[in-house]
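Listed after this line are the structures, all set down as structure tokens.
Both of the next two complexes hold subunit A, though its partner changes from subunit B to subunit C.
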Partner chain A sequence: MTTPCIQLHQVSKFFQSDPVFQNLDLSLEKGEIMSIVGPSGSGKTTLLRCLAGLEPFTEGRLLINEKDLTGTETNKRPISLVFQQPLLFPHMTILENVAYGLAFQNIKKKERHPKARELIQQVGLKGYERSYPHEMSGGQQQRISLARSLAIQPKLLLLDEPFSSLDVQLRIEMRTWVRDLLKEKQITALFITHDREEAMYMGDRVGIFHGGFQQIGEPDEVYQFPSTPFVAEFFGDHMVIDEHHYVPVQSLIVTTQDPNTSQYCWEGIVKNSIFYHGNRFYQMSLPSLERNVTVASALELKTGDNVYVTAYPERVNSFTNLKSKE
Partner chain B sequence: MMKTLRHKQIQFWVYISILFLFPVLFLLYKSFTLPMRYETHLHAHFTMQGWVTLFSENQLIQATFVSLGIGAIVVILNLIVGLTAGYALAFYDFKGKSLLEALILFPIIIPLLAITIGVHIAMIRLGIADTWVGVVLIHLVPTIPYAVKILRNGYTSLGTAILEQAYVLGPDPWQRFLSIDLPLLKPAIRSTIFLTFVISLSQYVITAIIGGGNVVTLALVFFPFLNSANSTVLAAFSIWFALLPFLFYILIELLFLLLPYQKPWRTRS
Partner chain C sequence: MKSSGTTKIWLLLLPVFLFLLLPAYGLFSALWSSLIHQGSLSLQTYQELFQKETFWSSLFYSLRITFIATGVSLVIGLLLTRTFYPVINRLPGKLSVWLPMLFPHFVWGYIVLLLFEQSGLFSYMFHHLGIIESRESFPILTNDQNGIGMILTYIGKEVPFVVLMLLPVYVQKNHQYKDLVRTLGGGRWAAFKDAEWPWVSPILLESGVILFAFILSAYEVPYLLGATFPEMISILTYDWFYAGDWSERPLAFAAMISTSILIGIVSWGLYAITNRKRWLLTKGKR
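Showing the complex of A and B:
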């Protein structure tokens, strides 16, 4: 087996004495895309900034192709970062923007513009080379920003919620398109988002981040078998029963009559109803668990109705990290 | 809609004419005509006397160059201090930051004369009184606060994000400064240059005290003329005086063209 392209060994980051994350390990294969998903304020942006070198790691080491880059200056790292905003340089044309990074890479002047032109074509904006950023739409600007980051041929591409400033429709279009482009060019990438759908779509693996990685794995696996209550609630559609057990929401059953099963049955109150993909969902609160849960049901229910929510005992699971410890 | 736009245009030109064009043109007119007296009615007498008197002042050309030189050095020092201090004040957090900002503004709050007289003694001891070095240093006192303030605001409105984005793409700090900071801060830099140049140009008292008569700037030549009642000569002198910042402006704009990624003649496609 080859050694991974990107390796993080026991990295930590402290602001003064408050830890943002501690003792993280992570490795990425060449060409792999990993999504990091977590709520805002979970420290995922700080992790990216540390990787880019805009902030130093307090502890730990970063290796790229077995070369230690922990102390390397930002501008010398073979890492590129796409921010939330396109941040194009307003005084340069699109072509100059994309070619910007090439000027610092011992690439002959004559070769820079053809390279940039090729990338502009790949991001589907051929013909805009002589335009200025302010003449482009938000989505176009973000694509140029991506092209500019790809131009320097980074060993690792970091994307910090790059679609968050775009509208929903465009966001869905962009993520399909960006994933295809990254795969085609075999770019190793870390993709940060707070949107779990986006994370599942973009990543070969996803990492659930909340002051450190809660769980890393393939999207399906993380979705179906969460390792902690946090992952179950944040990433999967599960209802956490207690510290050790959860049940997938789709296997919950709603009845108006008491089903007379003592185990895994809770009283609930209907809060409201919504339609999603043609199905009716009810949001209800379960006072005994102090939780809200959204369950599909064909019943006609009104806000304020009392209901019973039941789970089959065989569908109730333990968190995976507990299983391995047992 | 069109009507209000037209209306505003007219308004704009009326204000421009009254406040800017008229005074300048009137000054030009005055420099070529004899002062009006009661007997002369409204008939203008053309004369070159004003300009002849001006150029017969043997210190004029040298004083102009001294002013230009001192002004240019003051501008360069202001830019160095302003850009570095402005960057630090905009982006770094440290203890006593607001105190430092207040201290930088002090020279405009405390009377300049008080500072000058105090500094004069120090300069005599250091042996830079009566030299152009001393004059340059004292001209920094009323200009630095403005330079730091303007460039700090320039950096603040630029924001860290775009500078970080540039840095990630590989330039070293100096390359980044030339390709990103300077072009994007151009409006702030331009304001700093002209403000500090004009302030330096018009300093009379502090130049006289520190220069001790050895350093003769244009202001020092200009002020004695105020005693002469000849408004024709005065008008000619004022125009000469005003020409200096104007020439400096053109020079600076030409220098700006040397920055990377400048395309002043670009027409929209």
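Showing the complex of A and C:
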């Protein structure tokens, strides 16, 4: 096996004495895209800023192609960052914006513009070279921003919720398109988002982040076999029964009459109902577990109805990190 | 619809026109007086003015003082704002910048006089500390030929003005642009040049134009702190205006009109250069 392109060894970040994350290890293969997903305030943006060099790691090392870059200044790192907002220079044309970073790489003026033109074409905006950012839509601006970050040929591309300022429809189009482009160009990338669907789609692997990695793995694996209660609730569609057990919500059964099983049956109250993809879902609260759960059911229920929620014992799982410890 | 919109704009502009009535009347009557020579319209007064050595030396002297005072105020104001804007933006900081704005220029001039005169506070202190032998060996900084006293007064008074003009730019600016430049490989200079200067320069220039116009034609500070020779253009004009008989009044008017035209040309030129960029920057606000 080849040495990973990007390696993080035991990195930590403290603000004063408060840890943001501690002792992280991570490695990425060349051309791999990894999503980092977590709730806001979980420290994922701080991790990205540390990788870019905008903030120092308190401890640990960052290696790119086995070269230690921990103490290297931001502008000397082969890492570029796509921000939440496009941040295009309003007084520069699209061509000047995309060519911007090339000036710092000692590339001759004559060669910068052809390179930038090629990238503008790759992001599908040929013909807009002489336009100004204010003439472009939000999605187009973010594509130019991506082209500008790719122009300097980074060894690692960081994307910090780049679609968060776009509307839902555009987000879906953009993520397909960006993933295809990154794969085509074999770019190693870290993609940050708080949207689990986006994380699953974009990443070859996903890392669930909450003050550190809770679990890293392929999207399917993490979705189906969460290793901690946090992952089960945040990333998967599971109901956490206790700190050791969970059950996938699609295997829960709703009845109006007591099924008379003592194990894995809870009383519930219907809160409201919604339709999704043609199916009716009920949101209900389970007072004994102190949880809310959304379950599909063909039953005709009204808000306030008392119901029973049951799980088959064979569908109840233990968290993966517990299994390995056992 | 359109006509009612236009009417509304004219109505809104009405107070401005009323307010401008007085200075506009002054300007036109000055122009008129400078163009009448022995009862008929002619450029005779201007020809006479432009042949006067005193006019040119006074004008160049005024321009020199104005450029130095304006330039230094802008640089100090810029450095102060970009370093301390988070502090200045809080109430005590804002008050400390607002307070000097409340004093008229001549009060500030008196303060400079009291501090920097040969018989002033600083010469007294230096003498008592043994740094200078006698109070007369303190350098002449007020009513001096180089206009240092005037420049000091203007710097003290205008720096807070520059800070107040620049403060909103620094407070509202998107500071992520700097991070962006760094991640794209740019150093500190590039971060300033591309992520800060384009936003700051139009406002800095605007402040510069205001200061230029004001300092070039202001009267009270040169009156308090200027030397007998060379004179600032405002003093020269005043002397002509109140000279024994009224024979030099047309010259005073012509000198004032010339100064106004100069200020007009400089302002228009600088606005024209930066207009396009300013427009693009306002478009870029999202």
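Heads up, the rule we're going with is that the second predicted complex is superposed on the first by the 326 of 326 C-alpha atoms of A that agree within 3 Å, B and C clash if a C-alpha of one lies under 4 Å from a C-alpha of the other, contacts with A are read in each partner's own complex, and residues count from 1 in each chain.
Here is the rule we go by: a contact is a pair of C-beta atoms (placed from the backbone, for glycine too) under 8 Å apart; a residue touches a chain by one contact, two chains touch by 3 or more.
Everything quoted here is computed from the prediction, not taken from an experiment.
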Room on subunit A for both subunit B and subunit C (clash or fit): clash
Touched partner set for A:R130, first subunit B, second subunit C, both or neither: first
Partner chain in contact with A:L54 - subunit B first, subunit C second, else both or neither: both
Touching partner for A:T45 - first (subunit B), second (subunit C), both, neither: neither
Contacts of A:Q85 with subunit B and subunit C, given as first, second, both or neither: both
Partner chain(s) touched by A:T228 [first = subunit B, second = subunit C, both, neither]: neither
On subunit A, positions contacted by subunit B and by subunit C: 52, 54, 74-76, 79-81, 83, 85, 87, 89-91, 100-101, 104-105, 148-149, 152
List of subunit C residues in touch with subunit A within their complex: 174, 176-177, 179-180, 182-187, 190, 194, 198, 277, 280-281, 283-286
Subunit B contact footprint on subunit A (complex, rising order): 52, 54, 74-76, 79-81, 83, 85, 87, 89-92, 96, 100-101, 103-105, 130-131, 148-149, 152
Subunit C-touching residues of subunit A, taken from the complex the two chains share: 49, 52-54, 74-77, 79-81, 83, 85, 87-91, 100-101, 104-105, 132-134, 148-149, 152
Partner subunit A, residues of subunit B touching it in the complex: 161-162, 164-172, 175-176, 179-180, 183-184, 261-262, 269
